[in-house]
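Here it is, the structure in full.
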Amino acid sequence: MCGIFGVIQAAGAASTSTLAISAINGLTALQHRGTESTGLVGSDGVDRNHVEILKGHGLVRDVFNDGNVAKFQNSKVLIGHNRYSTAGKKAAINCVQPFVVYTAVGIVAIAHNGELVDAKKKREEALHHGVGLSTDVDSELIAQMIAKAIALNHKCRRDDELGDISKELAVTMSAINMSYSLIVLTFDRIYAIRDPFGNRPLCVGTVYDSTGVATSYCASSESCALPSNAKLDFEVRPGEIVELSRDGIRSVCQMKPQSPLAMCIFEYVYFARNDSVIEGQQVQTVREECGRTMAEEDVIEADLVANVPDSSMSAAIGYASQSGIPYEPCLHRNSYVGRSFIQPNDEMRQSSINQKFGVLQKKVEGKRIILVDDSIVRGNTMRIIVRMLKEAGAAQVHLRIASPPVRFPCFMGINIPTRGELLAANKSIEEIREFVGADSVKYLSVDGLQKAVQKGIERNTTFDVGHCTACLTGDYPTQLEF
Amino acid sequence: MCGIFGVIQAAGAASTSTLAISAINGLTALQHRGTESTGLVGSDGVDRNHVEILKGHGLVRDVFNDGNVAKFQNSKVLIGHNRYSTAGKKAAINCVQPFVVYTAVGIVAIAHNGELVDAKKKREEALHHGVGLSTDVDSELIAQMIAKAIALNHKCRRDDELGDISKELAVTMSAINMSYSLIVLTFDRIYAIRDPFGNRPLCVGTVYDSTGVATSYCASSESCALPSNAKLDFEVRPGEIVELSRDGIRSVCQMKPQSPLAMCIFEYVYFARNDSVIEGQQVQTVREECGRTMAEEDVIEADLVANVPDSSMSAAIGYASQSGIPYEPCLHRNSYVGRSFIQPNDEMRQSSINQKFGVLQKKVEGKRIILVDDSIVRGNTMRIIVRMLKEAGAAQVHLRIASPPVRFPCFMGINIPTRGELLAANKSIEEIREFVGADSVKYLSVDGLQKAVQKGIERNTTFDVGHCTACLTGDYPTQLEF
Amino acid sequence: MCGIFGVIQAAGAASTSTLAISAINGLTALQHRGTESTGLVGSDGVDRNHVEILKGHGLVRDVFNDGNVAKFQNSKVLIGHNRYSTAGKKAAINCVQPFVVYTAVGIVAIAHNGELVDAKKKREEALHHGVGLSTDVDSELIAQMIAKAIALNHKCRRDDELGDISKELAVTMSAINMSYSLIVLTFDRIYAIRDPFGNRPLCVGTVYDSTGVATSYCASSESCALPSNAKLDFEVRPGEIVELSRDGIRSVCQMKPQSPLAMCIFEYVYFARNDSVIEGQQVQTVREECGRTMAEEDVIEADLVANVPDSSMSAAIGYASQSGIPYEPCLHRNSYVGRSFIQPNDEMRQSSINQKFGVLQKKVEGKRIILVDDSIVRGNTMRIIVRMLKEAGAAQVHLRIASPPVRFPCFMGINIPTRGELLAANKSIEEIREFVGADSVKYLSVDGLQKAVQKGIERNTTFDVGHCTACLTGDYPTQLEF
Amino acid sequence: MCGIFGVIQAAGAASTSTLAISAINGLTALQHRGTESTGLVGSDGVDRNHVEILKGHGLVRDVFNDGNVAKFQNSKVLIGHNRYSTAGKKAAINCVQPFVVYTAVGIVAIAHNGELVDAKKKREEALHHGVGLSTDVDSELIAQMIAKAIALNHKCRRDDELGDISKELAVTMSAINMSYSLIVLTFDRIYAIRDPFGNRPLCVGTVYDSTGVATSYCASSESCALPSNAKLDFEVRPGEIVELSRDGIRSVCQMKPQSPLAMCIFEYVYFARNDSVIEGQQVQTVREECGRTMAEEDVIEADLVANVPDSSMSAAIGYASQSGIPYEPCLHRNSYVGRSFIQPNDEMRQSSINQKFGVLQKKVEGKRIILVDDSIVRGNTMRIIVRMLKEAGAAQVHLRIASPPVRFPCFMGINIPTRGELLAANKSIEEIREFVGADSVKYLSVDGLQKAVQKGIERNTTFDVGHCTACLTGDYPTQLEF
């Protein structure tokens, strides 16, 4: 999972002074999709062989500041990327995106969300064709394929079309499998591209000034990152190449979408922000619906519904509303908690979780609590939360997880812990209950999740809706090549 | 406002290895009371003339790390302090607390929450008695008063009582007016002291290991900072000096409390954490009650109740519960937002707020919204939030503030903006409504707030409960001397 | 100008624990050749597809520390690079060397000292063959040429020869012009390569333990960077490829050297360290000889010879010894001077130089001074030094520059200021004298320099000695292609 | 040892814009006297109760920058301090000077060079009089004594004399023993004070603009820190208080000097900069004379005289000139060496020294070398240098130390290693020779040092010249009180 964003100045706009800030605001709004590193690339719209680049490890707010952002003051075309943490993998070389290459038509920059399932094979091909690769990230591979397509096609190119690489992008798309959403920059335009499975979200929008004049065009992983004075124009269709230029947004290529599609269902469960719109529906509404569906599937009596702040509030409210049991938050989350200190013993580890969560003791004394969370990974935190609630006097703690257990690995860009770490892959529900110390544990069913997701979807007549549930069911949308 | 914390190893404890981490966890839990700077002082319980000190600007998580915390590995007595931002005041010299002085009996360290209303006069006295002061903070003034009391009393002191300065603390308390909660360290004990008005909260608790043996004793601004394996023993009484030694917690002096007391009512409204217990009641319950009281005082029709995340959720839930209108969050708060960039124009300033808050568009379209917040300071953020809700399609936005308007300055340690900045001090309710662009604006009444606060309070027979409402009413608890 | 270094563990060595420190010590000893950035790459000698990399901007001592160096604990083959400041040029992308690429035989890393005179043409060729380039540095270009040669030759390669790329390096050398000294790493060996002109220095040496057993083999820009317990084996010959493996150092390819050679004469004047040996002679001795030659060319009377500390001491001592006038330092150089503050006026700029140099007033009062320096670039510093000497009472100041005036640009890697900045390119000697305020100014003649350089050289029978003096005479060793 | 500096704007000066930069340049020039921390305090000349303060650990160039120096833009009176490293001592609290206190007449700031031999006793007195001390540095003690004197004298003070504390300074001087040189700031003037023993140097000077108008007045530990456009007015006399105001420099008090005086002789040997003038003579000349005297005391035959760069060059040149043996540097010192890495073994420790020093091999082969250094502390570095010279082929290495052996501790501010660490305190000359591996070792005699120092001194008729040689002879200038 990663976050990608692009913005280009509209022909009618007065100045470039705020464009870089728009891009950084967009990356900040997409920070939940990746916190390991961030990067921004900007072109002045004229010089094919120069871009400004700023990349760094850490959060957007730590990498960019007024001082270093000044270099983008003349940038009219910008794309950026937030990288998801890949802790545990061997540290990649020069891995911070967007990936930038000089090609025969000038600089091309690429921001990629997803993971190529056939990366290994494509990589061998490139090396044996004599191309040295300086990183092990997919975006370099895609960049070299584009560079090659550009060189092949270079002789028949007109001088006024140097920034137009739509044909080369289509050639590249034909050669690779899922999954990718791409935002690609040439000196004078941006391309927003979604793979034929529609695995990762991507949308485009137009920013208007107070007089209704379009001032810039944006592409973004999620609609929440469009400026508040922007209109969400549409979600990029599976297999589509959309071009953003100073003259507007237009679809320049539509490849045949896969059927069924394989939009990652975990965008609804966990990744996307509540205030984003995906497949025409509010993400938060889907989460509330998940809670409601869980309550329908459930038969327990209790005094209150609470959540583990902050992420699972929507599901808890949905559960409360369906069950008639009041929603009463009984955990406080301390937003100032930082890195953990080395904890010499169990007692201190509990103290570390306690630093993060505080129990509202007077609320929980003697109460039967339905505690909603959106997922369990290793279960260690949940185990301590349950213990804290019990120590504070809770009569019962019933754990309700608003998504099905994750039992299979993802090869499409989601950094799920290995099977060895996944609680649900290794333990029965009863074993999980025992481990976390709850009085009961229930997960939302796969059917329930799909029902909740499909309820509010905006149907499209030209292709079938479909979601990838591989990590829950083991049904992969494409044959894997290793 | 500041946060203060102290911890001392109990006689029965095995090792000191986790004591500094306990102290840092406590300071982290009190981070909401002050984010400008933080400091920790530790004594090994034996050497009267040496303490370890670590202070720094910024958050607890930024100042402390495994590397520098190692210096406290032999510390058995520790006190710490978080300082509230005093932006706008002339930067103080050497201002980071706890303030540490060598005295005739050894080192004394002081952590102070509050502000001496007669500081200026006391300061002049000290200077004309020939004491050079190296800072302009109250805690140095208090420290010099204690040092002087120690020197005067030094001849009649027994050698085995060098850490006992309770008499000198009582002398010092007699000489100063409100407001202060103090945590004071000598080499082998801690004192927790609250002024006779009870203006700032302070409590003590005992930490037990899993076998029920006491391992340490803590003093803290709020109960939320006690470790989860601690028991809140009691809230320090107005005018009381409580001693924490390796042998336990005991009250060593009780001065006559003021009547009525003047506990700062804003602790309930805004400062304290939801999961703290003050005057025997859960802070979150008071806030929910404030929302409920507001709904009683209100007559408006609406489709949903929402809050400005994250602080005002309790009041919104209370309002929803009392009014029967459903609680439906419709703003997302981005926790990754950092420092603002210099904003060249209005459009960008809106974009900056938009970075922080996202509207759940599909939820608000066509809806009449009751938007609850706990206070309005300058109104600029609220103005943009209301605009964002309206742009997203909200039919009406009714603003409800779960506290009365702040109209008067505080001289007891709360850094309220000047009258010129305070919206409520300068505008009528109608003018505020117009400024923020809402369809209606209402504040909780002072009576309503007092009712909500007193409803759940644990009454004490020895002294009258009383709250300072000076910033709301102009009735100050003590005569001010400048 | 840059500094390059490589080290590989010998078969007889006991452990790798000190190898990275050897490499870092080597880079530190070469710091004078480049202070902008530094990088180190290490292979464990086994894994073809993994290297450890550490790169950063600034000095070696700022980039490397015990913490981050630990990653090289298993590295048996390491190469590093110090980059010279290229202030004024457009900042390059990802420019820190060594440049690392994955190829069909595994990772290849390249450290380059020099500049390809035909880089622009070679670059265009690569782009039009469909290779995307991610930087604008020559070492990437060389890396891609090597990668291509490896792919072409891959089918006939035996499995036990994957680290042997000597043939591919020879192919690459045939395709490029001057200038380069290269240190190249594959997973199990290092190559040290010098261009057929011998433009940049490069040498190899063996490190022995106290029992006389070889423990590692090194390649280095200069002999001063070999550990003190190393023996300088030989200077790499123009056109030679030398291989360093765990089994020792051997020459694997010798291309025909150019005749005459074009070793950069400024290595003697300015770049190399006094304690390095180049062409078999001590660099310091050449500098002393330059001073001696200047004194022979001179006829001035004076009371003392002094130098501008620290670089020109050797020339001053040589001058003093030849002329019989005593060497008496009369300027102190403050080694603690850091970045300059913005200087509001002339007076302050002088004060800034004064921060750097102090005059020994009692020494210079009434004296006729011969002030020796090794070069003048812009003349501003010299102007103020002369003024300071005169203000301190010097009767006369005669400036003697121990190298000829630089009048032509260098295209082989030396970042000489543009003609507009070069004092000597724009002014006559008399104008320079007037500008700096000296009583007389003389430069060493080109003939004098060449005589001084050739006096102590170790003659080699297989090829003619020859030096590039292009920046002094405009005679370039190769036809330039732009 | 520390460095102190002060500067005040003259009545005739145009602006304050460069005054802070002058102060920072002065501190940079005094960096050799202390590198642990640095601080600057500035007053606007009007506000008695406000100063700007900037302090930090590390070098002047690391602590100050254009950004943070801007706060001094209106400062007309500034004093600064560089603190010497006190590694090994318990870290002091809030130790960075100048020490700043509020007193009854406003702020007083103090920069102190030296160490009070009776500090412990004075400290006890202060604590038992009821003054809390917040540090353990002498300057706070002095500050409290001044504050007390100010309060006692306050009633008879005229309102227009608030910045004049000369009487209080005289009272304070009467109460303390050696050693101190002080620079004291009040809001509108600076005092430069030297103890009656004259133990530490201190001088004053006037800065003139190009038209000859005085623009500022300076006080400094050494003359080398006066701006180059300044005139050294005089060295502050033992027991004198000199006042610097906007109207000029004047002596305001002269206490009776001790007889004999006890100026620290190590200022000449080691501490002071070559380009400073002390007791009217150039420090470098004294060092040259030390070398010359050593040669007179010596009878050895050799081929060349060399030094351990950079400090002992003057002595080596003196030795060479007197003995007729040529001065030929044969060690290169690498100025880029930084912190050492943890060295796993002896071999690597040698490599670390080798990083710092390079041998000019071709120079030393077969030569008998007289190696001059100014002192030996632990001998470990010297041992490796001798080994490196021998490995490079030196026939003989004769070590000559241009100062007598240090055998006794200093209680006046010089941080000499403990006896256990001092080579000379624990070993005979023959044992030292054996330890460092030299062919012979000789030290300058105490008589030789005194002769060299007194040769060029400017005699003063009003008091006897005298030098403290306690660390060499054990004769202390004052009775020590502990």
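Note that the chains are named A, B, C and D in the order they appear, and that numbering of residues resets to 1 at the start of each chain.
Throughout what follows, contacts are C-beta pairs under 8 Å (C-beta built on N, C-alpha and C of every residue); 3 or more make two chains touch, one makes a residue touch a chain.
Here is each chain with its UniProt name: A, B, C, D = Amidophosphoribosyltransferase.
The structure displayed is predicted, hence computed values, not measured ones.
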Request  = If we define chain centres by averaging CA atoms, which chain lands farthest from subunit C? Would you check?
outcome  = B
Inquiry  = From the mean C-alpha coordinate of subunit C to that of subunit D, what's the distance rounded to whole Å?
reply    = 37
Note = Separation of the C-alpha centres, subunit A versus subunit C, in whole Å, is 48
Key: Centroid spacing, where centroids are CA-atom means, of subunit B and subunit C in whole angstrom   = 60
Ask   = What residues in subunit C touch two or more of the other chains?
value = none
Query = Among all the chains shown, which pairs meet the touch rule set out at the top?
reply = A-B, A-C, B-D, C-D
Message = Using the touch definition from the top, list the residues of subunit A that touch subunit B in their complex.
response = 17-18, 21-22, 24-25, 28-29, 31-32, 35, 59-62, 64-66, 69, 209-210, 224, 227-229, 273-275, 277, 281-282, 284-285, 310, 313-314, 317, 321, 326-329, 331-332, 334-339, 341-345, 347-348, 350-352, 354-355, 358-363, 388, 391
Ask   = Contact residues on subunit A for subunit C in the complex?
value = 50, 53, 90, 93-94, 99-104, 108, 123, 127-134, 136, 140, 143-144, 146-152, 154
